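Notes for the one structure printed next.
Labels A, B, C and D are assigned to the chains in the order they are written; within every chain, residues are numbered from 1.
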Amino acid sequence: MSHKQHQQLIDALQDCIVACNHCYDACLKEEHVQMMTECIRLDRECAEICSYLAQALCRDTPFAAELASVCAAICEACGNECKKHEHEHCQKCADACFKCAEACKKIA
Amino acid sequence: MSHKQHQQLIDALQDCIVACNHCYDACLKEEHVQMMTECIRLDRECAEICSYLAQALCRDTPFAAELASVCAAICEACGNECKKHEHEHCQKCADACFKCAEACKKIA
Amino acid sequence: MSHKQHQQLIDALQDCIVACNHCYDACLKEEHVQMMTECIRLDRECAEICSYLAQALCRDTPFAAELASVCAAICEACGNECKKHEHEHCQKCADACFKCAEACKKIA
Amino acid sequence: MSHKQHQQLIDALQDCIVACNHCYDACLKEEHVQMMTECIRLDRECAEICSYLAQALCRDTPFAAELASVCAAICEACGNECKKHEHEHCQKCADACFKCAEACKKIA
């Protein structure tokens, strides 16, 4: 499948990368950072795998399905953690993660 | 500077990542791949530094200026190489690289 | 599991990253680069996933098993392709890939 | 310059990647994580640029000097922050960062 056919997923991945890195940054600036450590950890993990997968899809990787499957699992874990916190950056991140997980599952 | 203020650059970086990886993939499928080796090499280099910088900006890196300066140099080198080749993927990639280099220079 | 317990795998991943990037570079300099395009493509894919996994293990990712499983599959694909070519850089890369695939499977 | 000639730097970068990711993980597990936020942030930044540079050197990037210069600056910033904290993981990370910064400067 060419990178054009993956366009919807690539868009979802790029949105998720931005949301996760922004949430990571904002969590590190929160007063109660102690409560945000799992969020920080998963934000990084999620941003890194999304960044990897976005690039891999654009270069027509033969491992799209396997990588999308792992990416979906990490996006869901990050979304579930973010969902617990009321901060706007966490809620936005959760939305981006769940959308990305759905898009990943279509090719996984 | 927050990631919102960097939005234009982040958009340019994300477009450049897609264009470079697509050009890389298409170059490897060209009949005369021998003539495309420098393009392949620079496409990868450019995609990787853009991907790094996009993430770093979203997490409010304190090294935005230094990284954008290196990224601008790599984008220009890639754009100059791609510009030499008539393939549509190379011309599109050159455009994305030059736009990204300009956006990088604004914060470098 | 801590990063100390993963030390053998981290070493194998780091060796594989070096071997794959060297093979990638050497393939692009070969006279008959047309025959090396699949090798170039897989060298990059393999180096990138190994680099991702090495970092993820060092930071105690909760997704070690899933990521190691994908990494093993990519290492094997790269090793199988490299094995076909007589160049010393390809043979060395194949060895590093197969060792890394074995190490990945222990935690996958 | 070939990847063999860069071997000392590649070793220093790989050690620094491990130390930074371990310190990042350990900081997130510390009781007083509030005091470690700058360390967490710089550990990630440093690990990511070292990982990028290690790969770029192995594939004989034409941008070794520029990238090593930025990497040296980030390693020093991370080392200076880690040095302030008494945790063993911070002190070890500071050592790895300063060694890596020195090695970077030789080719910058």
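Simple rule for what comes next: a residue touches a chain if its C-beta (ideal position, glycine included) is under 8 Å from a C-beta of that chain, and two chains touch if they have at least 3 such contacts.
Everything numeric here is computed off the predicted structure, so don't read it as measured data.
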Pair joined by the larger number of C-beta contacts - A-D, B-D: B-D
Rounded Å distance between chain B and chain D, as computed from the means of their C-alpha atoms: 24
Sites on chain C at which at least two other chains make contact: 41, 44, 48, 55, 59
Topology of the chain contact graph, where touching chains are joined (line, ring, star, complete, other): complete
Chain B - residues contacting chain A, complex: 3, 10, 14, 17-18, 21-22, 24-25, 47-48, 51, 54-55, 58-60
Chain D - residues contacting chain B, complex: 41, 44-45, 48-49, 52, 55-56, 59, 61-63, 66-67, 69-70, 73-74, 77
Residues of chain C defined as touching chain B within the complex: 28-29, 33-34, 37, 40-41, 44
